[in-house]
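What follows is chain A paired twice: with chain B in the first complex and chain C in the second.
== the complex of A and B ==
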């Protein structure tokens, strides 16, 4: 119901607010909502908090731009390919790391991120530390546009697809099994849950979704480099959006992004050049407030009102 | 052919021998109780049978399949379910969803699994708590939930690790009735139990473990008169 209203509102939005600035904020919010929702499969439902999801975003972005620059492959193929490469990396990385739980898993994912960053900086074919740019063009085939409006619709469609995919997964058998493993892995296995397989499934699907959004991100921004893509800050922002909104819930990450991103972007503009880092300060304040008053995330607002 | 056959099973943790040459078999339709003082190796034996620990040596057969050292989920799929001495429910999930996790072993569709789960909850007397969060149940509720979850996998053999522990006498009698009903529906039971009332009322045979070894295997009425058993529990007469 709420989701339906949100979809309609988002569909009307570009007509009500033609200003590209507002559209850019919504695109960023949709992206973070989707990244949070994808992260949430592993971090929320499976209960393995990953600080390495920027790796999958970066890999998806690099795959898309490298294919475009070096092989002239359209992002229509490059973006899904980015998702597949991210999933393949998750398959390799997940094998040793998914045995860990709690802090140890979190630390391992930070380590993976650091390694990926160093590798990308030293990989000259991919532009090394300076990164790689998308060509300037206005082409439907290359998904490159001078106007920002087409990107809005791509983000919108991708967001709806991401929401539908996470909803379907969580409502189906995997969702039950993930929550059971999160609750007590040994007890879940005793009930016939093949824990290794289902943990890997969550990690790989989460990485694939994140990689697809990485491809979109790279095309949208038109540029990707190791510092902006393989960054711990980006990883943490994904985690924050999900945690602020409500971890382990379908709608939570979208709520978190809907609050945080406009706040941060608005602040950055309002402060102009004088208030460097002010948006980060605001992040901090928002986090403190939510964790103090809504420790289970923004999603609990509704329940509280209903209970009162 | 016995449903479960444990032969010369031993389990060592470093220098500690938790089970030594344990052999017994359970026929279809049996109710076997395993008793013994604390630290006798009862829970380790369960863990070795259900796949949570790999036995150091020996064999465990479920019907014609060798299951020693196999993964717990593979053993569960073969029709063996267990409960835990300390309840290990998925606290953040609803009671119904907890049971549905078990039912999903044989159902693809969560809706079907939930229908099945409601029937199981009815059978253990938890139907009216279906929508509560599992973490909110009291001890008696948790124990019944353990039972319901295991039953939802529709096992041929159910291992119960102290299901009556921590229950008051009324709850214990109610539980014995539930276990009788489960047995009447064709589930074979192996129970580890400290509450002798449950053992005496239910068990066809009693296996006594002490220091990891089987010291007696008899009918309940005989086992309480067995000098070796009395010695294991109370010590040697001076």
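== the complex of A and C ==
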């Protein structure tokens, strides 16, 4: 119900606010909402906190732009391909890391991120430390537009698809298995849950979704480099959005992004001009305050009122 | 080769010194302090300003920085960590990340992003040891770090107070049943761990630049050292810190300096593959 209202509101939005600045904020918020929702499959439902999701975002983005630049493959194919490459990497990375739990899994994903960053910086075919740019063009085939409006609709469609995918997964058997593993892995195994396979499934699907959004991100920004894509800060932003909204809930990450991204962008515009970094300071304060006063996410606001 | 090895050894001692504070806090209160690197940064600024404004050498300001950081650690525990003691672990991590961001940005606003260094400290210069030339500040910092680690080790593993710490780490409820004030112990651990990073930070200013995000240079390696050494194991963190320093400098010597960090993280992942709870982790 709420989701339906949100979809209608988002569909009307570009007509009500033609200003590209607002549209850009909504696109960014949709992207982070989707990234948070994808992360949530592993971090929320499976309960393995990954700080390495920027790897999948970066891999998807790099795959898309490399295919476009070096093989002239359209992003229509490149973006899904990025998702597949990200899923393949998750398959490799997941084998050693998913055995770990708690802090160890989190640390291992940070390590994976650091290794990926170094490799990308030293990979000259992919532009090394300077990264690669998308060509400047205005072509439907290449998904490159001068106007921001088409990107709005792509992000909108992708976000609806991401939401539907996570909803379907969580409501189906995998979702129940993930929550069972999260609750007590040994007990879930004893009851016959093939834990290895389902942990891997969550990780791979989450990576695939993140990779697809990485492809969109690279095309949308028109540029990708190791420092912006393979950064711990980006990973933490994704986690933050999910936690702020409510970990392990379907709507939570979207809610978190809807609040956090306009706030961050607004502060950046209002204060960023001073070059003093007040925006990041307020961002930090906001994180601390939210953790202190809403430790289970925005989503609990509604529950509290219902309880009272 | 020998020179690379000894440089690595002393760098490793510095990493170990940053890591022990983290290991202590992580091991006993079960919190990964993402602000640990920013605590280090604060300590470095304390030493920097004491030298620049008061001409106090970093060697002397180390105890002052330790006290200042113990206060910071206490405040962090009392204002953020303790209220979150019932919250999910992820939230606590995030809160410390937020705290780190706040500290970093405050330093950025107050002190500007400039790289600063101390020109002439008592420790400046280099020494020659059997044909190997080593920076004196590095050696002194390494030795102090070693001494500090030994003191911490004795405190935690050999004193009555240390046994109380371990009891809290083992089982909080059981510890409070036998009359240990868990809350007080946790606060003391935060103060002690932060004081340790305070000493390290002050000494570090004698040979390393001070800037608002300096913590990031050390803290990731410190995290790796702690995780690789095994959850909350002080000797583990110490040995892995040294291992990291040596691996780093040997990679730079044999291959390319660009692969220094990658080799450390690859080794870390290998360790986790064979020992999912770290080298010295409790099973």
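In this text, the second predicted complex is superposed on the first by the 305 of 308 C-alpha atoms of A that agree within 3 Å, B and C clash if a C-alpha of one lies under 4 Å from a C-alpha of the other, contacts with A are read in each partner's own complex, and residues count from 1 in each chain.
Please note the rule applied: a residue touches a chain if its C-beta (ideal position, glycine included) is under 8 Å from a C-beta of that chain, and two chains touch if they have at least 3 such contacts.
Please read all numbers here as calculations on a predicted model, not as lab measurements.
A.B. asks: Look at A:16 in the shared chain and tell me whether it touches chain B only, chain C only, both, or neither; answer first, second, both or neither.
C.D. replies: Neither partner.
A.B. asks: If you count the residues of chain A that each partner touches, which comes out higher, chain B or chain C?
C.D. replies: C
A.B. asks: Should A:136 be classified as contacting the first partner (chain B), the second (chain C), both, or neither?
C.D. replies: neither
A.B. asks: Looking at A:119, would you say it contacts chain B, chain C, both, or neither? Reply first, second, both or neither.
C.D. replies: Once the two structures are laid over each other on A, A:119 reaches chain C alone.
A.B. asks: Determine, under the contact definition given at the top, whether A:285 touches first (chain B), second (chain C), both, or neither.
C.D. replies: second
A.B. asks: Per the contact definition in the header, classify A:71: touching chain B only (first), chain C only (second), both, or neither.
C.D. replies: The answer is neither, since A:71 touches no partner chain.
A.B. asks: Check whether A:5 is in contact with chain B, with chain C, with both or with neither, and answer first, second, both or neither.
C.D. replies: neither
A.B. asks: Who does A:103 touch here: chain B (first), chain C (second), both, or neither?
C.D. replies: Second partner only.
A.B. asks: In the complex, go through chain C and note every residue touching chain A.
C.D. replies: For this pair, the touching residues of chain C are 26, 32, 80, 83-84, 87-95, 97-102, 104-106, 108-109, 220, 223-224, 227, 231, 258-259, 261-262, 265-266, 268-269, 272-273, 276-278.
A.B. asks: Which part of chain A faces chain C closely enough to touch in the complex?
C.D. replies: 43, 49, 96-97, 99-100, 102-104, 106-108, 110-112, 114-115, 118-119, 121-122, 232, 236, 239-240, 243, 247, 276-278, 280-281, 283-288, 291-292, 295-296
A.B. asks: In the complex, go through chain A and note every residue touching chain B.
C.D. replies: The touching residues are 171-173, 175-177, 179-180, 182-184, 186-195, 248.
A.B. asks: Help me check something: in the complex, which residues belonging to chain B touch chain A?
C.D. replies: 50-52, 71-73, 76-77, 81-82, 84, 88-93, 97-98, 100-102, 104-105, 108-110, 113, 149-150, 152-153
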